[in-house]
Structure formats: C-alpha cells, structure tokens
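Naming follows writing order (A, B, C, D and E), and every chain is counted from residue 1.
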Amino acid sequence: MIDLTAVVSAQNLGLTFKTNDGDVVALSDVNLTIDKGEFVSFIGPSGCGKTTFLRTIADLEQPTSGTLTINGQSPENARKDRAYGYVFQAPALYPWRTIEKNIALPLEIMGHSKSQQAERVKRTMDLVNLSGFEKKYPWQLSGGMQQRASIARALAFDADLLLMDEPFGALDEIVRDHLNSELLKLWDRTKKTICFVTHSIPEAVFLSTKIVVMSPRPGRVTDIIESNLPRERPLDIRETPEFLAIAARVRDGLRAGHSYDEDHI
Amino acid sequence: ADALTLQLKWVTQAQFAGYLVAESKGFYDAENLDITILPGGPNIAPEQVIAGGGADIIVTWMAAGMAARESGVPLVNIAQPFKKSGLMMICPAEKEIKTVADFPGHTLGVWFFGNEYPFFAWMNKEGIATDGSAGGVTVLQQSFDIQPMIQGQADCISVMTYNEYGQALDAGYGPDNLTIFNYTDMGNDLLEDGLYVLEDSLKDPAKVDAFTRFVRASMKGWAYAAENPEEAAQIVVDMDDTGAATLEHQLYMTGEVAKLVDPADAKLDPATYERTVKALLDQKIIKAEPVGAFTSVVTDGL
Amino acid sequence: MALVGAWLFSWLFVERLSKALAPRLSDNAGLGLLIPMVFGMALLVIWEVVTRGANVPPVLLPAPSMIGAQLANSAPILWADFVQTFIKSVLPGYAIGCLSGLVVAILVDRSPFLKAGLLPIGNFMSALPIIGIAPIMVMWFGFDWQSKAAVVVAMTFFPMLVNTVAGLNASSAIERDLMATYAADYWQTLMKLRLPAAGPFIFNALKINSTLALIGAIVAEFFGTPIVGMGFRISTGVGRLAIDLVWAEIAVAAVAGSAFYGVIALIERGVTFWHPSVRGGRA
Amino acid sequence: MNRVLPILTVLLAIVVIWYVAAIGMNANWQNTLNTRAALTNVPFTDFAQQTWAQDRPVLPAPHQVIGEIWNATVALEITSKRSLAYHGWITLSSTLLGFVLGTALGVLLAIIIVHNEASNRSLMPWIIASQTIPILAIAPMVVVGLGAVGITGTVPRALISMYLSFFPVVVGMVKGLRSPEGIQLDLMRTYDASPWQTFWKLRWPAAMPMLFASMKVGIAISLIGAVVSELSNAAGGGLGVRLLTGSYNGQTIQIWAALFIAAALAAVLVMVVGFAETAVNRRMGARPA
Amino acid sequence: MIDLTAVVSAQNLGLTFKTNDGDVVALSDVNLTIDKGEFVSFIGPSGCGKTTFLRTIADLEQPTSGTLTINGQSPENARKDRAYGYVFQAPALYPWRTIEKNIALPLEIMGHSKSQQAERVKRTMDLVNLSGFEKKYPWQLSGGMQQRASIARALAFDADLLLMDEPFGALDEIVRDHLNSELLKLWDRTKKTICFVTHSIPEAVFLSTKIVVMSPRPGRVTDIIESNLPRERPLDIRETPEFLAIAARVRDGLRAGHSYDEDHI
C-alpha cells in the first residue's frame, strides 16, 4: 500500500544494475515507510545497497521494479521540488570553487540573495567548525574537513528531507559527538525528516527513531527497529540499558547479514 | 641523352604548348634530350626553383627575371619565343571607364607574384598614383580568375588574351561591352614568357649545346602547335595531371598564344629588351642597368 | 644537418641552464623566459654562420642579419601588414569562430536531436579546405579583411566545437548528481559545473586556434586582397624574390602568434588554476 | 535509426536555405544576362530556375554540385585524371600519412615536454613559433627542397600535413598527460614506479579524452595541410589542385564539387576517430553518460 | 637524536603549506620514533596533520624543518627501496582498470610474474571479502568496497612498513572487527611495522602498541601512549579494565586537542 502522507514510501522496491559481467541486484523487495519528522538510520554491511536506496529516493537511480513515492509524488517531482538535501558518501566539492563558494553553490542555484548566502554560509561553516577556511580550495583541506564542507553545503539550504550517506565517517569521535548533538538539535528544532547511513551502531541508536538494517546480495531490508528512546537525548543516554538493548538487536541483525559466521573467510 | 629540367611559370596549359608538344611529339628525343617539364603554380617562383638547383631552364617574364637577377639569381635570357604581351586590362562598359584618364578613383585588379611589374610600369608612365593616395587608383591583388569583375569588386581586372579573356567572352562579355587596354597596343608591353638559365651554366659549352638543341626542338614544337591547334590542345589536356584543363578552352588558348609567339624566331629583340629595361629602371623595379642579362649564343647556334 | 646539430647543442645548453636554475624557476617568470631566449639566440647565431659560411643564396635562405635589417627598414610596411592581417582579420575572426564553436557545441549538447543532426555537419565543416573557402569567402564578403576574417571563423570553429563537446563530458558523475539534487536547470548546471569542468578543453581549442587563425588569415590573403597584409606581402615577396622581406614578415608572424598564444596560455593558468595540469598534480 | 531523422532534417534545412541563397547570390548576374539578352519580366519561378542553372554561378545549386560530383566520380574511370575519386585518393593518402606522422610526432614531443622541464622551456616556444610561420610560405620550400633531393609525391605533402597536425596533438597531450590527479600520481610514487611505468599505466590512459579531441582536430587540419601543400606542387593532382584550377578556369561548380569531396572526407575521417574513441572508452570501462 | 635503527625517526619535524591566503602549519615540532614491529595508531581531530605526517614519511611531502629518517635513510631512498605500502584516505583507484587490475597494479610495476600476480590478487581480494567483483570497475562498487579494494592493493605486495590512512573508515562494525583481527594476525605473523590513522578510539587501542595523539593548528603531537596490552588480542579484550584505561587516556588527549570545551560552538 502506498502511503501518500508518508515522506518516503517504498513498495516492493527493486533495483538491478546491469554490468559487463552480469546483473547486480542492489535492492530487492524493499518495503519501507518513513513519516514526517522521523530520523531513520540505515545500517548494513558494505555493498548492501544503502547508498543505492538513498540515490533512488533522490531520483539519481531509477528503480527497476516496485514503486517509490516521496511526499506522495514521484521521486523526480520531489527532486524538482528541491524536497531534499543530500550529503554524498564522497565530498564531491568542485575544485574551482573555494570552500565558501562550494557551500554557497546550492544557495546560488536556488536564487538566494547575496546577503542571505553570506549569512547562511557563515552559519553552517561555524556549525561544522570550518571557520577560517573560507578561502581555501578543496585540495587544500584534509579528508575530514572536506567531508564537513560537504555537510555544510547540504545544510546551507533548508530542505525538509535530509539524505546523509555516512556524513561523519571521516571524523573523530569528539567532532562526531559534537555534530551528532548538533544534528539532533537541528532535527528537533526544525522537524526535518532525516535518512542517515552510518556504520556506527551507537551512532545509529543514538540518533534514530527508526533503524533499518540491511543485508547484501541481494540488498534487502532484514529488520526495522523502532526506537522508543525519548526525543531528548543527552550523550550519556548511551550507557542506559534501553540504549544497549536496541544496540544489541541492531548488532544481531547486522551480524546475521554477514557471511563470516557461515564460511569464515 | 642530356637531361634538362624545365620549370614552367604556371600550371600546365596551352600557354606552354610549344614545350608540351615538343615533349609529346618526341622532338626533344630527336635532339637527344631528356626533358622533364615541371608545372608551376601560384606558389612557385621559377626563379627560386632554379636558384635552388631544381631546374636548368625556366620560363618567366622578363621583369621578374631582371628583378631576380638583381636579388642575386644571375638569370640570363637565352631565347624569347613570345614576341608580344598577352596582358590586358578590361573594364566592363557600365563602369564608364573609357581612357586611362578615367582610372583615378577606381579599383583595379592586378596579379602580383611577379606579374605586377607591367602594370606599375604603365601607371608610372601615366603618372597615376597607386599607393592609395587621393587622385590615384586603388589596387587589389586579384585572384587568378575573373571573379572580381563578375562580383563587381574591381572596376577593371587583369586578363591574359589567351586565358581569362576567353573566360570573360564565355561569360557574355565582349568588345562591345568592355573597355580593353591592351599592353602591347599601348606599347607598354614588357617581355613575357622567355627562357632563362643561370649565367654559370653558359660557361659550359656542352650545356650551351644542350640549350641550343632544347630551343631548337621547342621552336619546332611551337611551329607544330601553330599548324595543328586541335592536336596541340589535345596534347596539353593529356599532359595536364590535374585533369582540370578542358579541350575547348585549351583550343582557344592555343589559337591566342599563336598570335604572340613567332615559331620561326627565338631571338630576343634588343629594342624590346631596351624598352623593358628602361621601364623597369623608371619604375625603380631594378636599380641598375643589367649587364649580360641576355645572350644570343644559344639562338645564334640554331 | 648543421641545423640539427645546432639545435642539439643549444638544447644541451638549455638543459644545463634549466637544471642549474631549476629551484629558482618556479617563482621567476623572467628566468623562465630567459631559457627559450638563450636557445633562440644560439639558433640564430648558428643560422647566421651556416648561411654565410656555406654561401647559401639569400633567395633561398637569407641570414638573420639580413632579415633583421629588413625588419628595421620596412617597419612601416610590416606594421601596416600586421594591422591588416592580425588586428582586422585574425582577432575578429578568432573571436567569432571560437564563440560560434562554443555556442554550437552547447546547442549540440543541449539537444540530442541537434547532436545527431548537427555534429556530423560540424564534422563536415571541419576541414573545408581554406583553399576552397577562401575564394568563396572573397566572393561573398569582398576582398578586404572581412573575407579573411570569415576564413578564420571557418578555421577556428571546428577545434572549438570538438574540444567543447569533449569538455562538456569531462565533469564526473557525482558532480553532475550533485547538481541534479539541487534540481539545477540546464543552464545552471552548464554555467556552474560543466563549463568550468570543460575549461581545460576549451583553452586547448583557444590555444590551437590562436596559431591556426594566423595561418588561415595569411593563406586567405593569397586569394585576393587589397595590397596590404602579411599574406599578401609574403606571396608578392616570394614572386619578387624579396625573400628577406618574406622572412621579416614571417618573423613578425612568429612573434605576434607566439605572443597571442602566450596571452591565452596566461589566461588559462588563471582560469583553470584548479586543474591538476596547472596545479602541478599535487593532491 | 534515431540518428537518421535528425541528420535528414538538418540536411533538408541546409538544402532549402542553400537553394534560396543560390537565387539571391546568382540574381545579380542573372539580371545582367537577362538584360543583355533583352529578356524582361521573367516570372519568378523561371528566374529561380535560371539562377540554379548558370554555368559559372556565384553559388551553384545543390543539384549542380551533386551532378558534378556524380560526373566526376561514378561516371568516370577511377584512374582518370578527371576523376574526383582519383584526386580524392591522392589527398587522402597524404592526409593519412601526415596524420599518422603528426600524431606520432605530437605525442612524442608531448612526452618529452611532460617529462623534462628543460625541453618544456626550450621546445614549447619554438613549437608555437613553428605554427605561426605561414605554411604557404614554407610549403614550397619543403616541396622544392625535397624535390631537389629526389623526394616527390606523397611524402613532401604528408610532411606539410604532419607539420600542421602535430600541433593540436602536442597541446592536447601535454595537457592530457598532466591531467592525472595528485593522489593518482602519489600512488605511483609510493611504488617508485619508473617514469615509463607511470606513463603507460597512468598518464597515457588519463590522457585519452584529450588525445581523441586532439586527434579529431589533428586529422581535420591534416587534410587542410594536404590541400595546401598541393598548391605548391600542382603536378601531383589532388583535391587542392582541383580547387585551384577550378578557380583559374572560373569553374565554380568544379570548385564546389571538390570542396564537397574534401569536406566529406574530413567528416568521415573525424567520425572514424570518433568510433575509435567509443571503442577505447568501452575497453576502458567508461561509465555510460 | 636520530635513531638509525628505528623504522621511522622524526626530529623536530615541521611542515608548513603555503596557500593563496597565508601559511598553514600542518606539522610543528614533531618528535617520534617508531621501532621495527610496532603498531602505531595516529589519532586526532580532523585537520591536525595525520595525513600530512604519513605523506611525509612516504616522501610525498617535503618537511620544511627538522629531520626524518626511514630505516635509517632519507624518505626518498626508503621510497625508492619500496619500503612501504600506503593506503590512502581516499581509494584512488584508477577508473579505467577493473578491481583485480587495480590490485595487480603494484605487482605489475614491481615486476611480479603473471601467475604470482594472479595468486596474490586472489588472496588479498579474499582477505577483504571482495571475491566475485574481480571484473568490476571502481564506479560499480560501493564506497566501502572501493576502500577495501585499496586496502587489498596495498597488501598485495609485501612491504615491511604499512602506512594506512583511515583504512576502515567506510566499513561497518562487523567487517571492521573482522579486518582488525586479520590485520593483527598479519602483523603478528609477518612482524611488519604499521602506521595506522584512525578516528576510532577502541580501534586504536585494540590494534596498537603505541598511540600517538595529535592536535591541530598547528598540528603537533600532544601525547604518546605506549600500550601494555598483550600482543595476542581477542576481540573481547575490549571489555577489560586495562583496555578501558588506555581508551580513557586517549579520549582525554583527544578532547584536550579540541576547541569545543573552550569556546563551545
């Protein structure tokens, strides 16, 4: 059943890549509904289709079977409505633009005034702690700084839906904790819907209202865990038994999706 | 057989019928000569070719030859089959140019690349400025066709009696709708298509002998061409590697060229020579009176 | 032979020199220019010696000193020719040709229909020989500089077309995806992503065209022109065996063309500073 | 065959424009002719027909050009000196030889320049200067010079083609060979790969897009070079000579026919390079756009 | 004092980048000795100079002050000796090569025979669990798979020194644990020296014999922690008090290097 009030609604979604040496089933029979204001984490082994699912939501890949609606419309229309902001797994900064210009890019395209651009660029650069690097070019930044710049770029304009593909992968624990809290604050304040790919179980549990566990070959959803943690989450919630219980369930789901236990490579 | 290379001044056409016929009819063979004929083109200066050792004999206009002589290529005229100039300037009647006095303020097409001297000598004589100053004429480097007249880009254009004039006739122009300035008729002709060699080669009696036989066979070719225009035209067409020459046009050209060439006389007329040199001196095309720029040693031996 | 030897010698010299100067080269443009200068000087000296020593007829190859003298003597003529050919024919023709190549490339890129239809026609235009179009351009645009500029347009069009078409494909998939997520329209994607990414290719064409334009204008002048212009001077010079004037004209062409190229290359360094080929491949 | 329709559409548009233009451009002359022949009040349709049937039109009509091409190719023996196929082959052979030599030379020079700072500084300015020397000035020297030592025919003309076509290849390949990202070069450094290995395994594949763009320009310019070189050696024939002699004889239709064959040759050659590019891209696992 | 028996010996090492808007001090006064067979982790906030330090060891950057020797020789000579294998922070796969060809690249360059290449490629691809993707091109892999391919590439040839810049950043916990164990086994078996950049404190503590904590602006070493954990480390060592003690010290060092506590952005 397609749920037209949902932000994301996938029904029997499948996506198969044709390659030179055979088909790769990246997504198979995915059923998922994400409601407005949810914070959904995707977790699963490398290559299980997390990125592909996000890209399909973003209308960057076309499903080969099933249906997918975003805000009740087709992904294409949603994209044209600028319904979402996307943080790619790789930073994808344009080398001919300085960091501030890279962050201003979506604002330019969406027609924000110069002053608004400047204000938002400053705010998001502060948020990701990149102040002072406005005039640098991407190749002059460290890996983590590039990743933060790309996060800032996606936050600079106010999309209601955020698609974030391992945004904090290249960041150390402290920055990560900081950005996790900031993201939660932002989410709470703005009631955005967030789809978040991560490899960190604590991160997923800490952030999410719903955790989607995926498994590869073919990529499919093996578990959907609704979190009953309160919306208000201090960092030390991570030591509570409720938290650990959810984390354990995620870990089990994750392990089940892996081949190590069976054939032990 | 003695091997000689002849560099023509222009592409293979009936302008050089004598040489082409002599080659084709075996007149050179009969003189125990092995002649290679190199066609010219808009980008080939025969004077440069001979200076570089690429040819033994060249066909060129005297003005260009003398200018080259002053530039350090010691050319010597050994024979002058062309007695008259085929150069003309034609102006469509609607341009209202009747006499030279009407020239000022008009645009005249002139061939350069060593062919401009007769025109400048003529203008010099008439006292008409060619440097674009007021009261003078505007000179246009004319392509080697009659397009500038048809396009109306020039008021008068240069033609050769035997070539472009024929094209003009074909295009519907004729004496009744053209004003024609014929260099020969005006007495402004400078010697065209002569045979030139390098001075040094004349010091070798064997070479002189070969040149003599060459000129003899060539004149035989000219005579044959004059008597058998159809065959001559066909020979030209056959010898043209580019396949562009048409029999009809070459036949016309053979006929017109025959009016300029005297097959019986290869000698350079000293009087015409003097006039040519004087015109060149007057126009400062050459600075000093050339010495030893022609010889009759070859024609004397015919 | 002698020339090859001469070249080898000067090259070795320059090799030494640039090794010795290497650390200072990067931040000193003056020194950077010095090296080709020294190389050129060496060549000229050897040329002079060979032509004089071997008594090469000046109508075949004049000595540099003669060419130099001619450069000085004929400065007004050379200047007038330069204005006629370079300023009037090359620059406008180059600008129009490059611009139209760019525009057609974008049109072609914009519409698959045009891509299928126009690109083969563009290829068809690629090598319309100057010899062929020059007389036609004279027919259409008159014998003055306009027809030369038209020939330059025709010559510079294709390299720009080909390079821009290639360059517009140079952006990476993820860079394009980013634009898609912003629902950027075609022109925004073009201006903010694809054209900048195509920069190195476009400058390629601009550089190639800078010399091609000069060649085109000079050749075109063989097919009817007012009696001024570099091509005119060269062809009449050859006919008159004023070979030193021809070489003086060639020298002017070489200097003008190199300077033109140099200016484009400088702009390229500024505009495509981000490309690894300019950045020096540092990460 | 979704490619055929667009091509036909564009072609049709061009032909229509062409016929209209032919009326306009030939009208002047036609009027002169008609006045001369005392023809007045010619109806427009007849007048148009007349402008499309002139002997020496300013702009020949497409069917005149096609007719001439037909007559000069299919209707003639291929070995005939009047055959455009024969002349086309002459031009094509020096174009191809010149292109192959030019590409080889261009790539070689680019390799030297990219690997050696001294040659970058000493060679590049001269390579640029070489291109600013008008070919028409040096073509005769090459043809005459080589002719003097007994080298004639295709080779001297191919050398002119090479002289012109190596330049786009040098410029493009210098850029292309320098285009690998820093990190890709760093990887090679960590292996202490020899310059030669870095070249084959990194720089060369990375330069492919530039190489093909350059080769397309190079082959087109090579054809121009072949045609220009024929001016200096009318004896050999070729499309350039046809163009030239066509103009001497005022044969506009002949000029256009030769021009068409030359352009068609160029289009085919560029497309062949394009196919090679597609094939190479496929072999290199390029992502479909 | 330069220690010529050490694998890596840095003395007052400094590196400053010149950029369009001023100098960036990426490394300042770094003193560090790494002995043969050590497993050294580098941890520190984003932009603190970890990558720069590894690149300097690898002779990819030139120090602007101080001295650095690798195996008692200059970094350049060490590089020419092919003394190390490097896993970059980004995968840096060549897009025109299939995965197996990418992994074979160093082997080709170092002149291994075809059969040896095939054997090693297979072994390392198995190790990183990429079997079945031999013939794929990099853009057909997920982010984590690309990272694993680049790890395989560095392991394919047997360098005695491994420089690994966040090799496991894009991998999920399970694969990460698996690869951590494999890496430890490899290290134990081959007595390699390993320099390992990570953002995960547990990972650093689990793997290392020495943990270098760095801090940014200017990049410098703030703490060097020698680990007394046994060489043999089962996964559950992570719950022991010794382990947690070291982790706490690292976390403190890391926090000290951050600015959040002071100015709280």
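Throughout what follows, a residue touches a chain if its C-beta (ideal position, glycine included) is under 8 Å from a C-beta of that chain, and two chains touch if they have at least 3 such contacts.
What you see is a predicted model; the values in this text were computed from it and never measured.
Enquirer: Going by the contact rule set out at the top, which chains touch both chain C and chain E?
Expert: A chain counts here if it touches both chain C and chain E, which gives A, D.
Enquirer: What shortest step count links chain B and chain D in the network of chain contacts?
Expert: Step count on the best path from chain B to chain D: 1.
Enquirer: Need the most distant chain from chain E, centre defined as the mean of C-alpha atoms.
Expert: Relative to chain E, the chain with the farthest C-alpha centre is B.
Enquirer: Using mean Cα positions as chain centres, tell me which chain lies farthest from chain A.
Expert: That would be chain B.
Enquirer: In terms of CA centres, which chain lies closest to the overall middle?
Expert: So the chain sitting closest to the middle is C.
Enquirer: Could you find the two chains linked by the most C-beta contact pairs?
Expert: So the chains sharing the most C-beta contacts are C-D.
Enquirer: Using mean CA coordinates as chain centres, what's the gap between chain A and chain B in Å?
Expert: Result: the chain centres lie 85 Å from each other.
Enquirer: I'd like the Å distance between the centres of chain A and chain C, where a centre is the mean of that chain's Cα atoms.
Expert: 50
Enquirer: If you average the Cα atoms of chain D and of chain E to get two centres, how far apart are those centres in Å?
Expert: From the centre of chain D to the centre of chain E is 54 Å.
Enquirer: Counting only residues that touch at least 2 other chains, which ones in chain E make the list?
Expert: Where chain E meets two or more other chains at a single residue, that happens at 60, 90, 137, 139.
Enquirer: On chain C, where are the residues touching two or more other chains?
Expert: Residues 60, 135, 139, 173, 222-223, 235, 238, 275, 279, 282-283.
Enquirer: Mind pulling the chain D residues that touch 2 or more other chains?
Expert: Within chain D, the residues that touch at least two other chains are 58, 136, 140, 181-183, 186, 231, 244, 247, 285, 287.
Enquirer: Can you list the chain C residues touching chain D in their complex?
Expert: These residues of chain C touch chain D: 10-11, 14-15, 17-19, 22, 25, 32, 35-36, 39-40, 60, 113-118, 120-121, 123-133, 135-136, 139-140, 155, 158-159, 162-163, 166-167, 169-170, 173, 200-201, 204-205, 207-208, 211-212, 214-215, 218-219, 222-223, 230-231, 234-235, 238, 246, 250, 253-258, 261-262, 275-277, 279, 281-283.
Enquirer: Using the touch definition up top, name the residues of chain D that touch chain E in the complex.
Expert: 181, 183-184, 186-193, 197, 201-202, 205, 208, 284-287
Enquirer: Contact residues on chain B for chain C in the complex?
Expert: Where chain B meets chain C, its residues are 42-43, 45, 47-48, 51-52, 64, 67-68, 71-73, 110, 112-116, 138-143, 145, 147-148, 151, 153.
Enquirer: Flag every residue of chain C that touches chain A in the complex, lowest number first.
Expert: 174-175, 177-184, 188, 192-193, 196, 199, 272-275, 279, 282-283
Enquirer: So in the complex, which bits of chain E are touching chain A?
Expert: On the chain E side, the touching residues are 17, 19-21, 24, 43-47, 50-52, 89-90, 126-127, 129, 135-137, 140-145, 148, 165-166, 169-176, 178, 199-201, 251, 254-255, 258-260, 265.
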